[in-house]
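Inspection log for the structure reproduced underneath, given as structure tokens.
Naming follows writing order (A, B, C, D and E), and every chain is counted from residue 1.
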Amino acid sequence: MFIARVTGSVVSTQKVATMTGHKLLVVEPYRLDDKKRQSLVTTGRTFIAVDTLGAGENDFVLITQGSSARLTPETKVLPIDAVIIGIVDQVHIDKFSVYSRNESNDR
Amino acid sequence: MFIARVTGSVVSTQKVATMTGHKLLVVEPYRLDDKKRQSLVTTGRTFIAVDTLGAGENDFVLITQGSSARLTPETKVLPIDAVIIGIVDQVHIDKFSVYSRNESNDR
Amino acid sequence: MFIARVTGSVVSTQKVATMTGHKLLVVEPYRLDDKKRQSLVTTGRTFIAVDTLGAGENDFVLITQGSSARLTPETKVLPIDAVIIGIVDQVHIDKFSVYSRNESNDR
Amino acid sequence: MFIARVTGSVVSTQKVATMTGHKLLVVEPYRLDDKKRQSLVTTGRTFIAVDTLGAGENDFVLITQGSSARLTPETKVLPIDAVIIGIVDQVHIDKFSVYSRNESNDR
Amino acid sequence: MFIARVTGSVVSTQKVATMTGHKLLVVEPYRLDDKKRQSLVTTGRTFIAVDTLGAGENDFVLITQGSSARLTPETKVLPIDAVIIGIVDQVHIDKFSVYSRNESNDR
């Protein structure tokens, strides 16, 4: 899996029938800042993932890719290769907190 | 999934028998422009995807890769690893519209 | 899928038993030249794919990766992750012909 | 598979129900230092993997990606694409020891 | 598949039970030198693959990734994403021999 930040959404009317009603979010994968190792920074990439958890903009989420994206109750038969499997509360690296959802929301 | 722009098509006569009659489009993955974050820009990559939705040149589409490309009614038994699952109407990032199909078609 | 040029072949005697008799070709993925957008250029990568279609050196082919490489009649039980699913006759991008097999063979 | 160093952990409360109780570790893929070829160096990437083996911070581990991440007894039905399948004791390259868990722990 | 050179091995004692007794080799993917196109050069990446064929250090091998790594008799139920499916004897590119196992072993 990888950590990503939710930054937007996609609207698509003409689509494969089974996709109707599924929320499509824009997510940007993040990685550890490799200099200071004290924060998460964007990789500059842009993916689209299905959300079944009610993630909102600026939330950090866990993304599963590939066939395992179909291993949630809501996505079993969908033609998708990326799904949000969790909303991230905290990330610790080298015993340092590099992300905390509460602090982030206060900003 | 990722967002891509349809830019062309491929003709192939000698092919695996099950591929007969399936439209093959050239698609170029796009990502958010990471400076201004106000438009989508090409990643410079070139993929080929099966289209079952009638996507046309310059349309932005959603591409699913891997085994899930076989999870649409028309592609169940095909030896493919990429399919168009939706034609994109709108993409919003940071609450800003970075793509709208209508405006795009007017240009 | 992606477009690749067939540039060579691999000989392997000690191999998984089911691989016996399957042709292994060296293929180099190509992408659109992103400056002029009028020709295909190599990505500099080197892959090996199974060929069941009789592709020859310099042919441009369509490559399927992953589990779908096993979705052809000849490759169902093979431990492979890449197969040639078509020999490319023509590629059009931005309504411009960026590759035509006939012209290419004349050169 | 690839070798990675465990450098942190992720806490997620809102998640797909089946993920409850599974430990999520931050792992950073390593590769051979290609100049001297005598040590492992980070690739600068950041992944999240499920741990069922009790790996601890600074351990080097083997990561399996994709559908095979579901081929362990504890992960069969999980929507995950990365799992730790072993804790690395030693890595030899060119007959040189580039990593030994014991020496590493002494430091 | 891709061509890789076997350069080392990994020892892991604490691991998923089904992995017991399986040989884990360090393999480095190679690609065609894109200037002269007359030799294979390392990509600088480092992978770990299961070996069932008795490959030795410096052998060039064919690596299959993903779910197909489980399509050999010895690896059917293993949580692995990379396996050696053949030991390479010869690689020809542009009709030029870029690798021959016999010559390589003489050096």
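The rule is short, and it goes like this: contacts are C-beta pairs under 8 Å (C-beta built on N, C-alpha and C of every residue); 3 or more make two chains touch, one makes a residue touch a chain.
All values derive from a computational prediction rather than experimental measurement.
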Exercise for the section: Since chain D and chain E are copies that touch, just let me know if over half of their interface numbering is common to both, same, or not, different. Expected result: different
Fill in the blank from the handout: In whole angstrom, the CA-centroid distance of chain B from chain E equals 33
Practice task
Would you mind pulling out the distance in Å between where the CA atoms of chain A average out and where those of chain D do?
Solution key: 21
Completion exercise
chain C touches at least 2 other chains through residues 66-67, 69-70
Handout entry: Going from chain C towards chain E, every chain in order around the ring
Key = C, E, D, A, B
Exercise for the section: Could you pull out which chain C residues touch chain B in their complex? Expected result: 1-3, 30-32, 34, 40, 52-54, 62, 64-73, 83, 85-95, 98
Completion exercise
Seen from chain E, its contact residues with chain D in the complex are 7-19, 24, 26, 28, 42, 44-49, 57, 66-67, 69-70, 77-82
